[in-house]
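Next up: some structures, all given as structure tokens.
Two complexes follow with chain A in common, the first pairing it with chain B and the second with chain C.
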Partner chain A sequence: MNVLVGLSALQIALGLSVVGIIILVAGARRNSPRLRDAGYAAVYTSFGLVTVSTLTMVVALVTHDFSVSYVAQVGSRSTPLLFTIISLWAALEGSILFWAFLVFGLAALAVRAHRREPGHSFEYAAATMLAIGVFFLILLVGPANPFHLVVPTPSDGPGPNPLLQNHPLMAVHPPLLYLGYVGLSVPFAFAVGAMVSGEVADDRWIRSARRWTIAAWIFLSAAIIAGMWWSYEVLGWGGYWAWDPVENASFMPWLTATAFLHSIMVQERRGMLRVWNLNLVVVTFVLTVLGTFLTRSGILSSVHAFTQGTIGYYFLAFIAIVLVASLALVAGYAPELRQRGTLDDPLSRETAFLVGNLLLSVMTFTVLLGTLFPLVAEAVRGVKVSVGGPFFNQMTLPVIVMLLFLLGVGPALPWRRTDRAKLSRRLLVPAAVMVTVAIAVVAMGTRDVYAVLAFAFGAFALTTNLQEFWTGARARMRGRGERVFTALPRLVRGNHHRYGGYLAHTGLIAAAIGIAASSAFKTEREITLKPGEAVTVAGRVVRLDDVWGRQEQGRTSIGADVSVLSGGRVVAHLEPAQRFYESSDTPIPTPAVHSSAARDVYVNLMAFKEDGSSATIRVLVEPLVVWIWLGGGIVCLGAFVGFWPQRKRYARAPAVAHTTSTVPNAGEIRPVQVEVLS
Partner chain B sequence: MKWKIAVAAAVLAVPAVALLGFGLTRDPGAIPSPLPGRMAPEFALPAFTSGSPTPMHPDSVPHVDTVRLAALRGDVVVLNFYASWCLACRDEHLVLQRVASRYVGTDVHFAGILYNDIVASALDWLKEMGPLPYPSLEDRGSRAAIDYGLYGVPETFIIGRDGRVVLKHVGPVTDSMLVSQIERLRAAAPPASARAGAP
Partner chain C sequence: MTGSRRTRRGAALGIAVAVLLGAFGYLLYGGIGSNLVYFLTPGELLAKGTSALDVPVRLGGQIVPGSVAWNAQTLDLRFRVTDGTKEVAVRSTGTPPQMFRPGIGVIVEGKYDRTGVFHATNLMVRHSNEYHPPEPGHSPKEAYKSLINGSGATP
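== the complex of A and B ==
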């Protein structure tokens, strides 16, 4: 029954989507609102059908209907309910189904939001989204069909990969990532729509594209942070980033989307970088498809790469179509996009964005090169090579510290022209902080150039960005007599774009400092202890109290009671464990972490005597790790503030109201503000 | 004009797509090893299951037989190193069962070699996972594993009729890869020496 409903819903949705594409294109060509509305109805109905199919799968999982092939593959009666539900994305077929659900969900949402727009570009955009959906539906009725009937019906299944059922973050990371990936296909659809309809030159599409990109970017950022956190909490090696191809796959579109979110401002204000922005939207989408290909085709071995057959060739065809079609479109329409503005002063906000874009592009290219190099080497020279952390660190660290520096300079630069004297006054405090931090870090014994630069530039950028909040709030406090806690939120409310951006910068810098500190000052110790014995690592005393074993749902856990002492006082009890799942004989490490603002104490149980007489633990003390997660949260919060629509009555802060705005159509307060304040 | 641009775009896209397509044809589990192309290291290992439908308990029949690689010369041999404690071995178990049962009684021989494991746990594991239609061998002191340069389980070696290792595969095997390799080797003519020795 589930098999019948789930599969036929997908098949009908496939047919309907194809018809929908034809209707939408015909409606746009003939200028027929009736055809257009019929096309939109096809989008909604297809979404409904895919939803039915997805819900059918969830019901099949929850009710343990092992006659459904996917349930037989990942289901198990001993898996807890939460992990049973989220095993929807624990293997290939289910993840593609969920993916298709999101593609159609966002398409329906986009139709809902943009259906009344004038012109025909959105009709083509909706057709493009349907086309992407069609690709996923073809996968689902073909090589990735999760609804095969299993005869005879097994009584139980193996359950999902134990690594994927050991931590609740698995409920969060994949959906966030899919939302980010799928979300980035919407701006691409807008770009295609604008080009095909010939409306690309009026720049209207970039407003919608920008909002959708910010939304997708928030999910992608959150997904990357959640993935790092999962890796930190589950894998037991005390790290969070390894330049694994699948990590790079999520990082590359993030980089280009970040570049787009900045360069789009240059286009909105100055009419520059129009072709560049079009390219960024296309490249970002291509990189998400490439990421999907890398993680879903079996081209790599990884926790994300599921065993499967022919699906890689379908993705390859999809990439080929997307690449050729979008390259041809961009090449065909680029000549229509003349640059409207020019660069007036090499020292200006435009230049900062330009340099930032350049750095982000270089970084994307580097990561792409490192990720694909093993393939190139094998294709050209027939040798197997692997490109690891050292390459990526060496190549990207210079770019990262330059970006950090730019994060400090950028906000201090006004649009168009910069008054040199004012700039130096604005950068005085940040520069002083930068020098102080650099000296302090060197004095503390750090000799690694990049660590010193990261801390110094991080402090510099943090100060500049916080200074923006401070000068803005002070202006309100003086001008309106507000208190600081009234002034700050009102300042942010007065200009979401600008202060949301600064907030995101602040979070990013905090995360960068956390990454620099935790990798530069990590202390590690592995030792075998008897209960009652203790070890001192980087000033923290870690004591083994007990070794225990316990039967839990679907698994057996062997763990250690560990106390963390600081200054003779117990500050934390930790329970690092190894979990033995019924479906697996390899123990799954379950490290325990005591986090504080200054440092994390990370304890992993490596081995134990079965009689509980001793245990081998690995202790890592890593400073400032928590700031990576907090910083990541602030990044998303800041982007969300920037995403939130501006209410008209807050459009302008009073401090700026009496400066004459020189930029037409300015939705944002420009740094001209400082000229009034200083 | 526009068609020229489209052609240029296609020309740009072709190498990228070709590279990814090439990647698809590669097996990420095929790790360089000096073995392929060389003679497979000989072994004579005691079997603890015969490959009959029910695995025997070690107490009832300690060892079924000894399997010698030399005795299989002239036929295609698939060696699979596995262990009961190995997660990925579970993934490939069904594949091995399925593919090996196709070749029962033919000129293709399968053998499992237990790696760093206790025979009793392996028998329990086989009872749980379902028996394999071919013998499992005990490798005391990991002699064969060392000869074959094993660095983990599962690893699978495919040996041609001439006794040379054709493929070393790291990680779980897939149906298509296994069958295509075997069929390719079966199609190859048996070496002259083997034919001369045949009755």
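== the complex of A and C ==
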């Protein structure tokens, strides 16, 4: 029953989506509102059908219907309910189904929000989204069909990969990532729609594309942070980023989307970088598909694993079609998109954005090369190689510190032209802070150049960005007699984009400082202890109290009671453990962490005697790790502030809007009532 | 601003970008060349002779049954890795993974030295996603019975 409903809903949705594409294109070409509305109805109905199919799968999982192939593959009667539901994305077929659900969900949402837009570009955009949906539906009715009938029906299944059911963050990370990935296909659809309809020259597409990109970017950023956190909390090695191809796959579109969010400001303000932005949006989308391909085709374990399944070829074909078609479109329209403005002064906000874009692109290329090189080497030369983490660190650290520096300079530079004297006055305090921090860090014994630069530039950038809030608030306090806590929120409310951006920068800098500190000042110790014995690591005393065993639902846990002492006082009880899931022959490490603002004490149980007479633990003391998670949260919050619709649009004073010394003074700017399209 | 000045500035910018990209490409080429880690089996490692000495390598194979020796106090770990025909002695400091039993697939990262010992800095058990039922008497439930029943060490 579930098999029948789930699969036929997908098949009907596939047919309907193809018809929908034809209707939408015909409607746009014949200028027919009736055809257009029929096309939109096809989008809604397809979404409904895919929803039915997805819910059917969830029901099948929860009711343990092992006649459905996917349930037989990942389901198990001993898995707790939460992990049963989220095993929807525990393996290939289910995650493609969930993916298709999101593609159609966002397409329906986009139709809902943009259906009344003038012109025809959105009809083509909707058709593009349907086409992306069609690709996933073809996978689902073909090579990734999760609804095969299993005969005879097994009585139980193996359950999802134990690594995925060991931490609740796995309920959060994949949906965030998919939302980020799928969300980035919407701005791509807008770009394609604008080009196909010939309306790209009016630059209207970037306004809608910007909001959708920010929304997707928030999810992608949150997903990356959640992924790092999961890696830190679950994998037991005490780190959060290993330049693993799976991590790189989510990082690359994040880099290009970040570049896009900045360079469209240059297009909005100065009419520059118009072709570049189209390319960026195409590349970002292709990188999300590439990410899916890398993580879902099995190519990472071996090129040969990939050639055994057929799904990889579908992805390669899709990537090729998207790249060729959209880059050909961009090339075709490039002559119409001559830039309107010019670079007047090498020292200006535009330059900062240009350099930032260049650095982000360079970084994307580096990560892409390091990620794909082993695949190419194996396919071409037949040797198995891996590109070590040192390559990525060596290549990206210089770029990262340059970006940190740029984060400090950028906000201080005005558009068009910079008054040198005012600029140096503006950078005086941040530069002083930078030098002080650099000296302090070197005096504390840091000799690693990149660590010193990261702290110094981080402090510099943090000061400039906070100074923006301070000077803005002070102007309001002086001009209107407001108090600090009234002036600050009003300042932000007056210009969401600007201050949301600065807030996101602040979070990013905090995270960067956390990363620099936790990797440069990490102390590690591995030792075998008897109950009652203790070890001192970086001033923290860690004592083993007991070794215990527990039979839990679907697993056996062996753990240690560990106390963390500071100054003779117990500050935390930790229970690092190893969990033996019934479906796996290797235990899952389950480290325990005591976090505080200054440092994390991370304890992992490595080994134990079967009679509990001793245990081997690894203790890591890492400073400022919490700053990474908090910083990540602030990044998302800042982006959300920037995303929030501005009820009033402020007419910007022309040309010399604000020079370095005058703060964006809300008093000088006349509000003009303009309804902003959602 | 005159047109010619604008073109000149554009050309200067173009040259600057080209030089930067060229330098970056050179760095990238060198960086990737010196950071490649080859994945070898014991047979392939030994066949390479002296060219495999002191370069980072990932060695993959099975643990030779009975070869694991671990000192819990010094954390000194020794074992032998085989691909069925050839064997390589591995030495490392750290804790073997709990189910680090003979015959299991491992990948060790490190360097092979002149004395014929592979010094591992990183040790990974090859995870398999397939279901392997534990051998009778070796399920964690039975193996760690005394801990689960609370007869292990208590404070």
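Please note the rule applied: the second predicted complex is superposed on the first by the 635 of 678 C-alpha atoms of A that agree within 3 Å, B and C clash if a C-alpha of one lies under 4 Å from a C-alpha of the other, contacts with A are read in each partner's own complex, and residues count from 1 in each chain.
As a convention for this text, contacts are C-beta pairs under 8 Å (C-beta built on N, C-alpha and C of every residue); 3 or more make two chains touch, one makes a residue touch a chain.
What you are looking at is a predicted structure, and each value in this text was computed from that prediction instead of being measured.
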Notebook entry, point to check: chain B versus chain C on the shared chain A, clash or fit?
Noted result: clash
Margin query: Applying the document's definition of touch, where does A:K384 land relative to chain B and chain C: first, second, both, or neither?
Written below: both
Check: After superposition on the shared chain, which partner residues are touched by A:Q553: those of chain B (first), chain C (second), both, or neither?
Finding: neither
Next item on the list: May I ask you to decide whether A:A320 touches chain B, chain C, both, or neither, giving the answer as first, second, both or neither?
Entry: first
Note to self: After the superposition on A, what does A:S297 contact: first (chain B), second (chain C), both or neither?
What the structure shows: first
Next item on the list: State whether chain B or chain C is in contact with more residues of chain A in the superposed arrangement.
Entry: C
Next item on the list: Name the contact category of A:L369: first (chain B only), second (chain C only), both, or neither.
Entry: second
Notebook entry, point to check: Which partner does A:P158 reach: the first (chain B), the second (chain C), both, or neither?
Noted result: both
Next item on the list: With the two complexes overlaid, spot the stretch of chain C among 20-28, 56-64, 92-100 or 110-118 whose C-alpha atoms clash with chain B.
Entry: 56-64
Next item on the list: Find the residues of chain A that appear in the contact set with chain B and again in the contact set with chain C.
Entry: 158, 383-384, 583-586
Next item on the list: Can you check the complex and tell me which residues of chain A touch chain B?
Entry: 158, 162, 290, 293, 297-301, 305, 307, 309, 312-313, 316, 319-320, 323-324, 327-328, 331-332, 372, 375-376, 378-379, 383-384, 583-586
Item checked: Residue ranges of chain B in contact with chain A within the complex -> 2, 5-6, 8-10, 12-13, 16-17, 19-24, 26, 28-29, 31-32, 84-87, 90-91, 125, 171-172, 174, 176
Checklist line | chain C residues touching chain A - in the complex, by the definition given at the top | finding: 1, 6, 9, 13, 17, 20-21, 24, 27-28, 31-32, 35-39, 56, 58, 72-73, 75, 94-99, 125, 127-129, 131-132, 134, 139-141, 143-144, 146-150, 152-155
Next item on the list: Please name which positions on chain A make contact with chain C in the complex.
Entry: 158, 161, 163, 342-344, 358, 362, 366, 369-370, 373, 377, 383-388, 390-391, 394-395, 526-528, 531-532, 545-551, 556, 558, 561, 578, 580, 583-587, 606-608, 610-614, 616, 618
